[in-house]
């Protein structure tokens, strides 16, 4: 069991954003989490990635509780997150973004010491550059590699977020509404990228409110409402679950 | 790296051509204050943290080097090592306090300003050690082992010129290597978007502390050389005005560039001697430059020629 | 070919000699000046830098001065150190190496002097430096430092004006306790070290307090002094602080009797109804001297003509005037020594002569200046009593 | 001994009110325009020199010259805002550096006009009241009352008058205020000009107490920022309290420790507050 979340809760003063959510993800599996706006999806993701300290519950990553750890520790443990609205370094080019994201990969290089690479960065640079090109190719951004982040379209920004996440060699990738705000061809692009990721065996945890898009990929699905888990199981069963339908469409719909 | 060497070569050749002591002296002050500016640029241009502590490091560098030379009778370079140890410890303590409490921009600047002022007050009032306001006359000089003539005391202007130029070159090479390495990339990540850097696995606390410490060590190097060159150390070395000079040099020359601080240092050091302005006007021109640079040329002189990149 | 070379070489030598003879009639003597004309601690430098230009202007307008058979004009190079030792280092190099000045006036600031001293020492014997800074006392008169001459009298010692002032205080007021309040900088610290022994030697109990330069509210430190119940308050050293100290000491009735060795009559006159006693060392009380001494009258008029503003009677006029005397004294020394560039000879004549300018200026064996001065004693209501002292 | 301490506490509070008025200016400017105007000390200097000029040279009565001084400081504030601070809204670092540039420009202008020699205004209200061993100069007490009155009026204005409420609303939530038709541009300029006028007023009263030098602004802006942060930036009444706390610690502290540590207390407070109570003692807008 790669990731096991046990009754994770988060309170902002009186408001309970995430209450008592538990689920588990095994290696190579894709889990989809969906729910209407304000159902606590992004808060849940921020709790997992350490951007928000949880009010209660545990997050077992490979058996070890990482709830409340600092984001960089969680990231170096392999739990990498993308942002709902992409966070970028506005002045830098796409390629520079990915090179910065190569830090974790760099720290995991075993074959030679960091300090030698400080004086003669040649070799490590070329390895990282080659990995960066691969990540950009994976996300269909290779021709945009010299464009500045400020000049990218919304779809390209989202893709850059995924590319940067990939560079960190994640064991689990938490995708925060990857499809929202994308045009049709960008969604096709995203779908092919997710297929490649699945082929790589990367564990994915996708949250979105585009149910149809999620159902296509997720092996397992969870529905959230007002921070609580109201349904779990195979995507189509969850979609058919009356509680989900009521939450989504506001009334029971046979 | 190549562009750096290209710019430094003519400076090495200069003393063979130019013999006027005044020009060499102005250049020596440019190099020494340039080292201080490069140090500041690493933490501000690199990691985006506006510190006001580099003047205190500058002063501590000169005081501790000289005092350890007096007290233990060791040569300049050993004395400077003692100063580095002290500056590193002080930087870690202050850096830890500031970054643990996640002080942002303005508050970080104000707290480091407060610590720098406290160091200045200590230097001012600890008269038994630092001789307080009377300052200390430094008659010792750094010594260097030269292949031909063994241990040589650096006294004449030309020998000081080469010592300070070699020191500046070493610091510039180090800063190029640093900014091109993974450390430099992490600094840029922290400067441009600290939250994103966290999620990419960068321990921003540790790297900000590293940037702060490196910048203070370089500032103390500039302080040690400066104190021994002028031959007089006083509490004013730790004053806010010293910090502001370095900041103005980096802003004028170009933030986040390698040669920017040196260009800024050259302009601001030679300015008072080139244009014969009445004294009051000179201070006004100084302020005018600071304002114009920030409003019109945010990327400074050198920055104009190159797009800002994190030296990748 | 060789022959021709030798010929034109000889020709060149000849013309140079001729040209030299032709210009023998007139020459210029370069006079350097490095004083802090602006910046936070420029009060003394600013005043002294005003006297020299007036004298130089007068001498040059009078056609210069004759030494041997050549008449010389003075070329003044006045530089503003802004109180910054780094600037002063560059400026002294400019004066000594580029302009090859043989006589340099200033600096009045101790930290500037101490910074340029190691460099200037290399030119010992090649130039003369007349500086007024307090810490020059530690270097002047020692072998190897012949180039330094201190252009201000020293407090302590047999002919020290400080001792004479304290004797006057004891004679007129028999104080038992004196509280000293000095600025926490090199000048203030040295005053403390000088006057504590002088008062102790005369059995007067003293207490010394220091305040941060730039302080404006003195009531905490005055309250501490109030506890001591001094008969006299001895504040120093620049007018910037004295106006506030005297006013606040009177308003808080900590002490209404004051004794000063530096500063001017200004604060006393400003609070003339509040003070009970105000004894101040003034090198010359200009209001009174202007009426009796033609030389002083001439200087005051020259100042007004040159600067086109009224004469700053209350602000330590000494500096601007004594530096005026120094230019004339230097010229007299050059004329007596019969040379313009034999520095050692000029130095000896300068130190041995007594110059009758606005002051009777001479030098002690420590090559520090000694000159007559006045003690101005203000009483309540501004009644002024001036006594002249010849050390 | 206790009377001396009480005397110093009162003196500290009076001095603190001068720090307080600058702290108020710092707080208001930070609250509305998002930058700290480090050049406020120079506007205080303008107010001081203007008052001295009108009182001693033009022989106007003190209250009239104070009004003129405040007007001049306000106009100077308007010019500085339109020329400089308009471009550094909500950019703390640029605001900090531009104000530092402005400080050296204004200080050298003062040096050009008035030279370094200190200027002393004729005493406006002479004498002092004394109560047992405690004696307080009359002018100091009057100055204190005027400063407290002005700070109180500012606080009342901000909480009662429409413009005041709009300013506070803008400070708490700029976007919302904008949507409700609060004229942000005019408000920001207005606040900068008003804080410069406050500083000018502080300078005018300063001139009646102490001698003037071009570099008087530097000390007061540091104390003003310390006072503002001590009270919690954005907290208006707190600014006066912050200034008073600084004044009292310095005056009483100088009784026991050497006066050269006077500036240390403010710095130690500053660091302690920023670390442990970033919202300041009274919880302003962080």
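Think of it as A, B, C and D in the order they're written, each chain with its own count starting at 1.
FYI, a contact is a pair of C-beta atoms (placed from the backbone, for glycine too) under 8 Å apart; a residue touches a chain by one contact, two chains touch by 3 or more.
Since the structure is predicted, the reported quantities are computational estimates derived from the model, not experimental observations.
Asker: Any chains in contact with both chain C and chain D?
Answerer: B
Asker: Can you name the chain that lies farthest from chain A, using the mean of each chain's Cα atoms as its centre?
Answerer: C
Asker: If you tally the C-beta contacts, which comes out ahead, A-B or B-C?
Answerer: Pair with more contacting C-beta pairs, A-B versus B-C: A-B.
Asker: Using CA atoms only, can you tell me which chain is the most central one in this structure?
Answerer: Located nearest the centre of all protein C-alpha atoms is chain B.
Asker: Using mean CA coordinates as chain centres, what's the chain A-chain B distance in Å?
Answerer: Computed value for the inter-centroid distance: 42 Å.
Asker: Rounded to a whole Å, what is the gap between the Cα centroids of chain A and chain C?
Answerer: That gives a centre separation of 76 Å.
Asker: At what distance in angstrom does the C-alpha mean of chain C lie from that of chain B?
Answerer: 37
Asker: So how far apart, in whole Å, are chain B and chain D when each is placed at the average of its C-alpha atoms?
Answerer: Taking the average C-alpha coordinate of chain B and of chain D, the gap between them is 33 Å.
Asker: By the touch rule stated above, which residues of chain B touch at least two different other chains?
Answerer: If we look for residues of chain B contacting two or more partner chains, we find 124, 278-280, 282-283.
Asker: Tell me, which residues of chain A touch at least two other chains?
Answerer: Answer for chain A, listing residues that touch two or more other chains: there are none.
Asker: Pull out every residue in chain D that's touching 2 or more other chains.
Answerer: If we look for residues of chain D contacting two or more partner chains, we find 108, 111, 258, 260, 263.
Asker: Following the definition at the start, I'd like every touching pair of chains, please.
Answerer: Every pair of chains meeting the touch criterion: A-B, B-C, B-D, C-D.
Asker: Quick one: in the complex, what on chain D touches chain C?
Answerer: 1, 4, 7-8, 11, 15, 108, 111, 115-118, 120, 123, 127-128, 130, 135, 137, 209-211, 213, 215-216, 219, 250-255, 258-260, 262-263
Asker: In the complex formed with chain B, which residues of chain D make contact?
Answerer: Against chain B, the touching part of chain D is residues 36, 84, 87-88, 92-94, 96-98, 100-105, 107-109, 111-112, 225, 229, 258, 260-261, 263-264, 267-268, 270-271, 274-275, 278.
Asker: If we count contacts the way the header does, which residues on chain C are in touch with chain B in the complex?
Answerer: 37-39, 80, 82, 85-87, 89-90, 93-94, 97-98, 110-111, 114-115, 117-119, 135, 184-186, 188-189
Asker: Would you pull the chain B residues touching chain D in the complex into a rising list?
Answerer: 50, 97, 101, 103, 105-107, 109-111, 114-115, 117-118, 121, 124-125, 244, 247, 251, 278-284, 286-291, 294-295, 298
Asker: If you look only at chain C, which of its residues touch chain D in the complex?
Answerer: Chain C residues touching chain D: 38-40, 42-43, 46, 184, 209-212, 214-217, 219-221, 223-224, 226-227, 239-240, 243-244, 247-248, 251-253, 266, 270, 312, 315.
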